[in-house]
Each structure stands twice: as structure tokens, then as C-alpha cells.
Amino acid sequence: MTSFKNAGGGDIIIDVAKIIVENKAYLSEIDGKIGDGDHGVNMAKGFGRAADRLADSDSSLDEAMSVLSDILMSEIGGSMGPLYGMMFADMAECIEGQDDIDAALFLDMLTAGVDGVQEIGGAKLGDKTLLDCLIAAKEAFAASVENGETFDVSLEALKESAVVGRDGTIDMIAKIGRAARLGERSRGVVDAGATSCCLILNILSDGVLKRL
Amino acid sequence: MTSFKNAGGGDIIIDVAKIIVENKAYLSEIDGKIGDGDHGVNMAKGFGRAADRLADSDSSLDEAMSVLSDILMSEIGGSMGPLYGMMFADMAECIEGQDDIDAALFLDMLTAGVDGVQEIGGAKLGDKTLLDCLIAAKEAFAASVENGETFDVSLEALKESAVVGRDGTIDMIAKIGRAARLGERSRGVVDAGATSCCLILNILSDGVLKRL
Amino acid sequence: MQRFINDPDNIVDETVIGFVKAHPERVRQDENNPRVVISKHAPVKGKVGIVTGGGAGHEPAFMGYIGKNMVDAVAVGELFSSPTAKSFKDAILAADGGAGVAVLYGNYAGDNMNVKMAKKMAKKDGVVIQTVVANDDVCSAPIEEREKRRGVAGEIFMWKIGSAKAAQGASLDEVCQSAQKAIDNCRSVGVGLGPCTLPAVGHPNFEIEPGTMEVGIGHHGEPGILVAKLGSANDIADQMVKIVLDDHNLAQGSEVVVLVSGLGATAVNEQYVLYARMQEQITARGLKIHKAFVGNYFTSLEMVGVTLTILAVDDELKQLLDMPTDCPGF
Amino acid sequence: MQRFINDPDNIVDETVIGFVKAHPERVRQDENNPRVVISKHAPVKGKVGIVTGGGAGHEPAFMGYIGKNMVDAVAVGELFSSPTAKSFKDAILAADGGAGVAVLYGNYAGDNMNVKMAKKMAKKDGVVIQTVVANDDVCSAPIEEREKRRGVAGEIFMWKIGSAKAAQGASLDEVCQSAQKAIDNCRSVGVGLGPCTLPAVGHPNFEIEPGTMEVGIGHHGEPGILVAKLGSANDIADQMVKIVLDDHNLAQGSEVVVLVSGLGATAVNEQYVLYARMQEQITARGLKIHKAFVGNYFTSLEMVGVTLTILAVDDELKQLLDMPTDCPGF
């Protein structure tokens, strides 16, 4: 199939949320290496609440992303509230009202997500943030679609590049956020936000793949 | 000899002070078991200062005991300031102006020390305090003198009984001071003050024995 | 030891110097006795002088409660060890404005002895002295032997009330009556979760096994009445309120003032977590809270733990307690 | 963990509840947002509203600085994590007396983003908002990139001065100018001797090897500029004063206000030991100390460590700083 239904897509967000909650300790642990060790706690709180609120709601993908975004922005705070809050808000806005989501629309959605994160956070590629995963994944998906590949093949490219983007943060020096002051001391450790972003993108893609 | 010279006896107090300083850690350790762990620190501070101030002073025994007492009372505080301060003050007063100290005068001096401690502290035999050592030692000395033993034989009796008195506190329940609230939990541990008192009495006796 | 210290033997001297340097508008050091800290306002002619003192390591107590309408002079001992008789005497002389001096201190053997000797000494200088001895620590002796109980954070209320009374121009008798009433109306309990270390000793002088807590712990780590499994904050709050109020036996509708003090190394937010529950429990018993204090008011070096103090107040005590003060401790 | 906690996920909610219960004469909780704490006096019609906020775990900051002539409303985040945009917005609305609102907060990514969003939201409600961002932490970025530095205990002076200015009836512009001047005149440094633990994580999220110290540590354990051998209190005091004053570059004879804050588990007497030496070093540099504060003013859970903050004051700042206040934090 070349597209999937927006309707019922909320279950994908429930799966995303579950994976984040499962990785709570791990995400905090990597944040602790060069940050303040709370990334998993912050993420699990927000995504966990979203999973609870979405359970049995049978929402569309955009509705579910809006619920998640609202929880992040109004109940979680920290950096994740605004960053993932804006990402999901702008992605939701992009697909709102659409019945079917094809590769082109999915790319628009990803692009809206990237822009949302950059607008609120002001970070750029190479700053050692979740953007290094998000942008790599989006670009790989865009290139694949441009090359005439199918939606599902392009999603596999997205997933692979998310991992590559995440791992690319290991050798970077943090330029923004708490770790920025560390300079060389921040090298050698994977970025926590890039790690959670990679989880999100992978589960999101898997959910779409199952529906194509 | 049946007596020793008061003059020059200050060196005995210097020796007493040195032993106390050497046992600083040990005295704190036993105090820590049922008290607040500062007995060695308190004692070493006061007795150490006395040793410094008495060095090369060639004082008499009563002068040295007065110096020690003043330091304890005006610079050390705690319980030891008043207790040992009064003990040494009253002992000094007892022998002040005497050239020679014989067994009878020595007994008067010990008795004055016991009374001084009891007057300020209000403890009695069996309360698990330094008095259990001090009174045992004094009584043994008194009994020995009464039996017609010589000064030096009586001093050996004093030394032995000081140890017995000290060890007798092991099985006691504290009735006064910080440990009193412990009840049964205070049993099985030797009393810190009795331990320092035993050291004091032993070195004091050894100093006298050398001079007889 | 991960501590900020120079020579362990100089800690108290340096603490006093730092304190006097930090609060020069409020206090000065006695010229001849560095272990006596005196209010800038003292002595006030015709006012009853208020003196306290005790071992160091409880900062901001005791020095921190010197100030306007508060304590006039404080004698400072070694860490956890009574000040000398001489220091108590010098504090008494410094506080004396001719109307007598109230020595309001805690019930520890060393303090009792040193104050007793200081009284003798100061009497020779013609000062009239009365003493009030704090004994608010419930677990340190059964109620029938209240005179054996130690003084802990309730001393702050005794000082506040005695000092306010003195500031109103009351006589020595009246000041001591109010201070005595304050401490009679006070009950405290401590719970320890982690020990403290005298720097000169270098290791904790008592142990609290991880996973346990010492209920009824004293201000120097004196063992409590019970070593229990470490409970939740709510469990601990419940136990503390129960210990204090079972002993207090207050009539329904009584008004109380509540003080939760960290012992030195307990995060301030945890103290508020405890207070949230204590407040519920106290009001559930039919009591009305007039005022509350939460923070590090009376510490024990870097002990992990808290104390709870509940003071029953009437109109007189409320008015004295609410009199404005300016001292570093509040 | 030897801590007073119930569910680690509820600590902040319980802390806020405890705080509001302990200080009912001064603060109330927003009816619709439990993470917003508001002065009993706010909003004051015609007065510029003062808002701050930040992650919890720094108690008595931020809530403790609500009060008369002080902050009007505070947004409370999770432990060490920015409040939500919504909470900042609700705090702004609660503080607004029609003369605009100054949001005086610290330079952390999360706070920057959430305040930015809150501003947008509150503008829709017609509130005029300006922000001042504290960046007093010297070791968090070189002087040329001062805009990147984090805000730490210097925020207290920014609040005090901005709030006093607002209490005098100044305009929003004037309030923000004074608050900006306060923070521009502020430099801070932290030294960590022992880590802190987020209860939900259960183990320290950074390490300080026994025998070492982290010079320049941040308020959440952010690594400093140097891991050094643990020095004596005097060595540490010297280093801290040097870091702050080398960066500050004040003229001889300048007047300063000094704040030494424990980070949560440092004994109060050690803070005074440090101050004794700091005072010597600061005055030896030709500076005059107008006022000093020593205590647990801005903590980091149960971190072992201290911060030193030096604020250069002129007549305006002195007058604003000395204006009486009544808030739990002071």
C-alpha cells in the first residue's frame, strides 16, 4: 500500500509511549553521563500519561499526537515538554483532517516536526541533540522517496538512518543544553535525546509499516 | 621511702597528660559505642595543653594539678572540664603547701578528688562513670594503708583496683550522662571516663612509685 | 571526609569567627573570650539578660538566635560539648543589664555542671541569675522522669518566648516563668537516617544501617528508643506526630506551633514532604496550627534526619512568639 | 537511599503541598494549577508583578522567595527540570496587577523554551511581559559568552532587587533594568564535594571521587572546570573567591554583598568556616562588604557543596536590597 489510515493510528503513539516507558532507566543513565540524569524520568512521565489517556480511545494518529503534545507541554515541562511537545504538535497539525497518509504527506509531517523543534530550541545539526537523529532520519526518508522508492522501503531507510544519526552523536561535542559546557568531556557518549528520538522514530515507523 | 616530694612532682602530671594524648583515638572510640565519641578529643585537648604549659616549668605536684584543672575548667568545658577540673582542683588544694606527701596525705588527696567529682556531677558508685574506677582505687588504697601496708604496696593495690573498677563498668547499665537513656543497650561496653580515669591513676601511681 | 575543614581542632573557633564576620551588624565577640558571642545591643540597661549556650555543631543554634528581642549572649563549646563554666560566666556578665540574667539552656550533663559553676562565679560579681532547663526530647526519658529529658529544638521556642518577655520589660521571675511555660508546653522527637562525624574523630560515632532508621535519636546521635525498618516519609511523619502528641496530651482545639528542623544533611524539600503529612496528622487530632517553621533551624553537623517540635500556645505565648525579631537563625 | 520520601514521582507535588501548608499566611496554591504558588498579597493592582520559576529540588528556592516586597508567583517544575509553559503562564496571570509582569529566571534551556512559550500564551491574555535571565555562574561559560552562563544563587539578588523596585511602584522597564543590573553585577561559583541523587533515578547521576572536589559545579551537578584534589576549607575559599573576583573585575573600594549557600548536605558550621576565610580574601582585595548571607539559601537536593555569590552594589542596589521583606527563604 502507498498510504495508511490516519484513523486508528493513535495505537502507534501508544506503542511509542510504551517503549519510552520501558527505557526509562536506560535513558536516564545515558543522560547522567553528561547531563543531569533525568531524561528517562521526564520522558516516561509524559509518555506514560499519554499512554494512559489514549488507552481504548481509538484516536487517529493526529489526535493521539495532539494529546501527547498537550501532556508534554502542560504537564511535563523541562526541555522535553517544549521540544517533543512542539514536534508532535506541528506533526499533528500537518496531518490533521487527512484520511490517508502517503509518503509525501509523511515527509511533510517529519519536516514540520524538525522545524518545530528547531524553532523552539534553536539547535542545529551537529549540536549533539535529538535533532541529529531526527534530521538524519528525515533526510534519509526524503532521499529515498525522491529516488522513487516505496513508502515501506523509505521507512526502512528512515529507521536505519535514525540509528546512524543517533550513533553519530557519540563523537560530537555538545554545543547546546546542559552538556555544552563540557567541551571535550562531552565526546564519547551518545546523546540522550537522540536516543529517545531514535526509539520514537523506530516504533513510529514500525507502526506505519504494519499498516501499509 | 614513706613519702615523696611535692616539689618537682609536676613531671608526673606531664606523664599523665602524655598518656591521655596517646590514647585520644581509643578513648573516643569507646565513648562512641554508647556516648557521642568525643571523650578522647576532649581529654587530649585539655591534657595536651597542660603538658605544653607545664613543659620545663619544674612545678610541684599541686601546682601542676592546678594548671591542669584551670585549663580543664576554663578552656575545655564539656563534662570533663568540671569533673576532672574539680577532681584535680580539690586534690591540689589538699596537698598545697606540703613539702612531703606520705600515704595518709595521698589518701586524703584521693578522697578530696572523689568528693570533688561527686559534688559537681552527682553520680554514685555503680552509675557506670569514672567514679567506679576512682572510688574502687581509692578504697583499695585506703584498705591497704589501714592494713599497715607500705605506700608502695598500697599504690600497687590502687593500680590493680583501678583496672578492676574500670572493667567493672562493662557489666553495668549507665545511670547518668549521655548513655543513661540506653538502659540495657549500654551494658557490655566499658565506660570511657572510667578508662581515662584508670590511665590517670596508673600513671600517677607509677610517678609516685619512682619517687618513693 | 568530604568536608570543608582546615584543622579539625580549630573548627569551632573558625565557625565563631565566620559567624561574627558574617553578622557584624548584629553580634560581636567578647574581647577576652572568643567563645562568647554577644548581641550588638547587649547589655540593655534594666532589661533581663538572656543567655544560652551549648556545644557547637548545631548551627544556626545557638549563636544564630542572638538578636533584637532575642538572646543577648551565647557561650560556645567544642563540637557537641558543653561550653566552659568560664564562657557561661562571661556570657552572663555580658548580658547583664542590672535586672538579672536568665540562663536558658539544654539538659545535658556537661551544661548542667558548667552552668552550675558559672552561676557560682557570676554571683560573686553580683549578678542575679536564674536558669530554665529545656527538656523537650520525648524519647530521652519517660514522662515520669521528665527532668531527665534532654533539650533539643524546643529550646528555640524557650529562647524566643523568654527573650520576648524580657524585651517587654518583665522581671527575671516573669521571664523565667514564661520560658519555663514554653518548654513545659514543648515536645520534640528526632528520627535519624544517617550518622554524623566529628571531624577530629574522622568516622561516624554511631551507625544507622542502610534500610533502617533510629527513632528518637538525640541531637548528638544518642540512640533512640527503636531501630526500625526505614519507612516512607508518611510512615515516619505519622510515627513522629504520634510520639510527640501521645506524650503531649493536649485538649481538642488546642493551638500549637510546629517546628520541623533538618539535622544538617536532609534536603529541604524532604522536610516539606514530611510537613505535608504532619500537618494532616496534627490537625486530624483536633489541633489548630498557629504557625509553622520548616528548615535547618537546629542541626547536628551533617546528620541525615529531622526533628519535630510541637509547642502548645495560649494567648501569652502566641503574642510573645509573634513579636518581630531580627536574628540570623530565623 | 536514606531519604524521607514516599513515591519518588510525587515528591514535587508533596513538597509544594507541604510548603503551602507551612506558610499559609504568605502563600496559596493556584486553584487550577498545583504547580503555581502565589503570594497571598498578589496581584497588587498597579504594581509590576514578579514571577520566577524553575526546577524543584533547590528549596527554599524558588517558592521560598515569595512574599511581601518579594516575588509574587512561582512556577514549579519537576526535580531539576523546568516548569511547564502552562505553569509559567499561570504564574504570570496570577502576578499581573495590570502594570505588566517581569519574569526573572535562570538561564537553562528548558526554562528559556518554556518561558518563551508562556510569553506567547500570556500575551494573548493581554499581559505585558518582560524577562531578565540570570547568568551569574562564572564557570559555566567564558566571560565572552556570558549569555551562555547559567543562573545560580545570584538569582536571589535579582529577585530581591527587582521585587523591591516593583514594590516602590516602578514601571516594568525600570523593574527589569534594576533586576538586570543586579544580575550583571553578580558572579557565582560552586564547589561540589559529594553528589546528589534524584530519588526516581535512585543513584547519583555524577561522581565525585572521595578525596577530590568538582570546582565550578552547577546546581544540578553539571561538571565544573576542574576536578581537583580536595583542599582545606581555606584553599577552597581562596579558589572560590579568586574565580569570582577575577571574573568580576571590581574597582578598589567597591562595595559588595556576599552570599554563601550550602547545597543541601553541607553542615552549617562548615559554611561559616569558609566564610571566615572568604571575608578575609574579599576585603584583602580592597572590597567592602555591605552585607553577608550564610546558610542553605539555594540548594541542590542533598548535594555536598557550597556556592559563593558576590554582588557589587551601588546606592540604588543597597537601598533595594535592604528593603525589609517577609518570605520563608530569608
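The first chain written gets the first letter, and so on, giving A, B, C and D; residue counts start at 1 in each chain.
Note that contacts are C-beta pairs under 8 Å (C-beta built on N, C-alpha and C of every residue); 3 or more make two chains touch, one makes a residue touch a chain.
As the structure is a prediction and not an experimental result, all values here were calculated from the model.
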Task: Chains contacting each of subunit B and subunit D, listed by label - done: C
- [ ] Would you mind pulling out the distance in Å between where the CA atoms of subunit B average out and where those of subunit C do?
- [x] 33
Open item on the list: Roughly how far is subunit C from subunit D, centre to centre by C-alpha average, rounded to an integer in Å?
Closed with: 29
TODO: Report the inter-chain centroid distance for subunit A and subunit B in whole angstrom, where each centroid is the mean of the CA atoms.
DONE: 76
TODO: Scan subunit B for residues touching two or more other chains and write them down.
DONE: none
Task: Category of the chain touch graph - line, ring, star, complete, other - done: line
Task: Every chain pair meeting the contact rule - done: A-D, B-C, C-D
Open item on the list: Using the touch definition from the top, list the residues of subunit A that touch subunit D in their complex.
Closed with: 28, 31-32, 34, 36-38, 40-42, 45, 73-79, 81-83, 120-121, 176-178, 180-182, 185
Task: Complex contact set, residues of subunit C against subunit D - done: 2-6, 11-12, 14-19, 21-23, 25, 56-57, 59-60, 193-194, 196, 208, 210, 213, 230, 232-234, 236, 260, 264-277, 279, 291-296, 299, 301-302, 304, 306, 328
TODO: Provide the residue numbers of subunit D that touch subunit A in the complex, in ascending order.
DONE: 9, 55, 77-87, 108-110, 113-114, 116-117, 139-141, 148, 198, 200-201, 205-206, 218, 220-223
